[in-house]
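Naming follows writing order (A, B, C and D), and every chain is counted from residue 1.
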Amino acid sequence: MSPDAPAFPRPLQGIVPPMVTPLLEADTLDPVGLERLVEHILAGGVHGLFILGTVGEAPALSHRARHDLVERVCAQVHRRVPVLVGLIDTSVIEALNLARQAAAAGADGLVLTAPYYYPASQADLLAYLRCVVPQLPLPVLLYNIPDRPAPVFDVETVKAASDMPNIVGLKDSSANMIYFRQLQSAMEDQPDFSLLMGPEMLLAEAVLLGAHGGVSGGANLLPRLYVDLYEAAHRRDIAQAQALHKTVMKLKATLFNVSRERSGFLRALKCALSCLGICSDFVAEPFRRFDEPNRQRVQQYLTELGITKNGLTRTT
Amino acid sequence: MSPDAPAFPRPLQGIVPPMVTPLLEADTLDPVGLERLVEHILAGGVHGLFILGTVGEAPALSHRARHDLVERVCAQVHRRVPVLVGLIDTSVIEALNLARQAAAAGADGLVLTAPYYYPASQADLLAYLRCVVPQLPLPVLLYNIPDRPAPVFDVETVKAASDMPNIVGLKDSSANMIYFRQLQSAMEDQPDFSLLMGPEMLLAEAVLLGAHGGVSGGANLLPRLYVDLYEAAHRRDIAQAQALHKTVMKLKATLFNVSRERSGFLRALKCALSCLGICSDFVAEPFRRFDEPNRQRVQQYLTELGITKNGLTRTT
Amino acid sequence: MSPDAPAFPRPLQGIVPPMVTPLLEADTLDPVGLERLVEHILAGGVHGLFILGTVGEAPALSHRARHDLVERVCAQVHRRVPVLVGLIDTSVIEALNLARQAAAAGADGLVLTAPYYYPASQADLLAYLRCVVPQLPLPVLLYNIPDRPAPVFDVETVKAASDMPNIVGLKDSSANMIYFRQLQSAMEDQPDFSLLMGPEMLLAEAVLLGAHGGVSGGANLLPRLYVDLYEAAHRRDIAQAQALHKTVMKLKATLFNVSRERSGFLRALKCALSCLGICSDFVAEPFRRFDEPNRQRVQQYLTELGITKNGLTRTT
Amino acid sequence: MSPDAPAFPRPLQGIVPPMVTPLLEADTLDPVGLERLVEHILAGGVHGLFILGTVGEAPALSHRARHDLVERVCAQVHRRVPVLVGLIDTSVIEALNLARQAAAAGADGLVLTAPYYYPASQADLLAYLRCVVPQLPLPVLLYNIPDRPAPVFDVETVKAASDMPNIVGLKDSSANMIYFRQLQSAMEDQPDFSLLMGPEMLLAEAVLLGAHGGVSGGANLLPRLYVDLYEAAHRRDIAQAQALHKTVMKLKATLFNVSRERSGFLRALKCALSCLGICSDFVAEPFRRFDEPNRQRVQQYLTELGITKNGLTRTT
């Protein structure tokens, strides 16, 4: 961490979009698209930027490409908002390598999953954290990844691990709201411990009842919408929060639902960014960009919903 | 593939142990233990050697360590049996890199999982195979990895992919025997397509009804036992196959069941190899070697069951 | 339905406790406890009463006992609030029999699960509803039962079935909040279609963003607490809703968590009612009442939390 | 049990078909079809008859219809083979009622599931068995029902319960072959404890390695085929067992796979019996009989495969 780095905000609050990774091909970043995308997102007033997450296709990228991305984004953001870098690896050695690169490049925080190939017990996970986290050069958010049958980190494991000063919060993409509420209860005595909601359909209610913010994929496209929703919920303006929540629900039911496959969200998101001229829609293996019929449906929804580079141009 | 490489056996038959990776610490091979282990396994008459699989902790190793292991094992085996190298990666670029290193080092085949972080559809998987397999420089076995709710590759996907000449078989660790039988039926017209059973408790019945062999983790410790079981089942000597199957069941219920955690098998296996003086019992994160009480239980079972470096010294 | 029955409220709103079934032994109601329990719950200002649900152990009771319970409760409630009767059966014939008994006894509504032994497709479920619902003599709420890997009725199935005038709402015990929000979006154009939340840890946020109420098991013990929470959320008093939500979280983490088994909630609830002298704590097979140590822990929590027959006697 | 009842065979061995229940409508047996079906099955040389199982749609029938079926079948079979009656109920009281009726009607054994609505722990299950089994008037097989994520009865629970003399075996429909082998190992010292395989695709290998027989749904249609397969495997004639196993695999891939829904097997089976003039193809809710296109596909497969009332009329 360079000496002039601002302190990491505790708790981290607001919208921290999980940035998609613009690609020209499997192992080549789209450098111009990347620049445009970063500025597009920052212009929406977001409170941080999370690169190399699930939406960022981190596990599908080579380590070389991951490193390249970290360098470019940190240089471009240049401390305007905190940059968080995902450590989603099966190998602790590779995760540590990336963490050190990220710190050297000027990143502000890390987002750490459990190793996910092997099914580890909660005791294994806690031992893992006690081994790895002290070696990490930046503040760390734990990360319950999506599409697993259960949250990875049990409430008790998070609570136990939270005595490590390096661990500053958790991003929960489990979509298990009972778990999230139990976690909140358990962490009530540590108000600086940031609890961020992954799935954007749960953002409104999460924040209304005390979550610190969201890691909303849709904020790649419409950063202002999610910032507005967060702020409405944060100031407890239910009417406004509910109205914006309905817009998010509509996006999820239309534009982001063009393909019902589980990869559909990512592919629709990249496709929409491409339609707006922001960046390439290339998607890494095992997925691929939308075909022409799906692209036309995305284009049509953009028109119908009034989505432009400048955001939602009319109330839906 | 060097010009003097023997043709890859089609179908690949027999016992192809998934070798554990002897480690001194997180990113350091145990070179002396590795040499001893390779010779110990080959002395048991196995029909191939599979490195960097699930039991080999591949996903937990750095790419550097994986490369190092491939070089050492290929050099040491020196064509005595086919060496297969696991490609268990979330990134196709990294998988291709390893594949090229393996071919250059003299490996004979590859064992390819689907990318496992993102939940891909069967259509995605087939497209993935059609993209990746032609770029692979060696014959390929597909690999259904363990501990997933369902086999990764549907029968129809395997059947469709089997028109690629590079794909020579499948290793099934799903433990779903109905799936395995359906796969056999579907591949009946391609008798050279090798179907190998992962879980060793299912080895006897798999081979009795036509499977080509097994990738039995226990063969790290007792290679001859599994070779004998395979051969008895292959020649349809049910009485002998059943007797050896019972020995395998006993091992799984005792020595390999010292810890009931899902990592218990791997840790018990490394511990037993260490007790016999073959290699280190270090286990990479997110797991760790057995503690002293568990090590003593392993030692006791070795004694009770009459297991030495030379195999089972008495009939159990 | 007798001629003087009040119209079924559309939408049904508020707290509709799923009543436990007081038992003296496996097939014998606790008639005195039952009377006390009904009055205890009604005194809390609830908006309806749901008997023979999951918490009511309906599937574990004989049909004779179910019938007996319906008669007694309908007679005692005597139209003070709507009485809803659960149809949780694997046999449509038995479900229809119970429905007719319930209507004759003066019940006001039915709560219908899908047949749950056989895994039916959504097409099967829709055909099932089109066959069964028109034969039911009372308004019907659909019921997604708890502890299944997924909600039983897909959003599209509910939407399609909602053209039957008899279907007046849905009780969701799936704990899948994304599903619940999608269901709300889909039913937005039918504001009379009642959406009730099962899990009480999700009651506050469900109602804050528009759910019609809750079927809260804890309201057997503390009906006023859940009614207050519902009303605070309904009038969008977030501060009050959050304070009461925290009390619910505390109950779930202490009193209702004495046993961590999945049957723990039911057994703790019956035990607490017994400690307060309201009804018997007998639990039908396959469960059984708490043993003495657990009963003492329940008693202790009741004291600590200040819970009496009259409710929470101090702010937690 | 009447005084002239033969002793229940220990272990129960061979093919015990789970009989479909011929229905004219939802609550009405097809009495003529039932008679024909019983004789058709018995003519195939089966070793027992299991009524009111999963394939028998027991959970979907009214208790009245279940009772009616028991009376008719016991009278007709008249001790020619043992008749086993399924107790698949959520209510122990109702299960006990049916058990007593079955004993009075002359049934020979019972097949008992765990109560399946509530997720019971293994301790609950064992306590349940210790409470219920001594009250049952006939020998009991435990029953792991299909389509659950895991076998219901853990190996340890079965082992512990097997000290009750009334429990004479277990029918495993979990399709988890590792579990089945572990169960065999655990019960090795009780050779009279019958282990029967549910899924017919696993019948050959189950019996080759020591299972006592199978509860094969396809034996409603082709009883002789499954009896022949059992006998070949039992006498360890692998070539013959494998040939018959391939016929079973072919049936499962064609005739029984006309609909891929999980109810497809049952509906195809009833449809095929109807095409052969044996009994009605009515299926109870939540399913329904095949439509005309599917019925024609069934008829075509019957012709192609050479299936008549008299069995397979040519080698497939």
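What we mean here is this: a contact is a pair of C-beta atoms (placed from the backbone, for glycine too) under 8 Å apart; a residue touches a chain by one contact, two chains touch by 3 or more.
Note that the structure is a prediction, hence the values are computed from the model and not measured.
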item: Each chain counted as touching chain A and chain D at once; value: B, C
item: Rounded Å distance between chain B and chain D, as computed from the means of their C-alpha atoms; value: 37
item: Gap in Å, rounded to a whole number, between the CA centres of chain C and chain B; value: 51
item: Contacts with two or more other chains, residues of chain D listed in rising order; value: 149
item: Chains touching one another, given as label pairs in label order; value: A-B, A-C, B-D, C-D
item: Residues of chain B defined as touching chain D within the complex; value: 149, 175-178, 181-182, 185, 199, 201-202, 204-205, 208-210, 236, 238, 242, 245-246, 249-250, 252-253
item: Residues of chain D defined as touching chain C within the complex; value: 26-27, 54, 59-65, 88, 90-94, 97, 114-121, 124-125, 127-128, 131-132, 147, 149, 261-263, 284-288
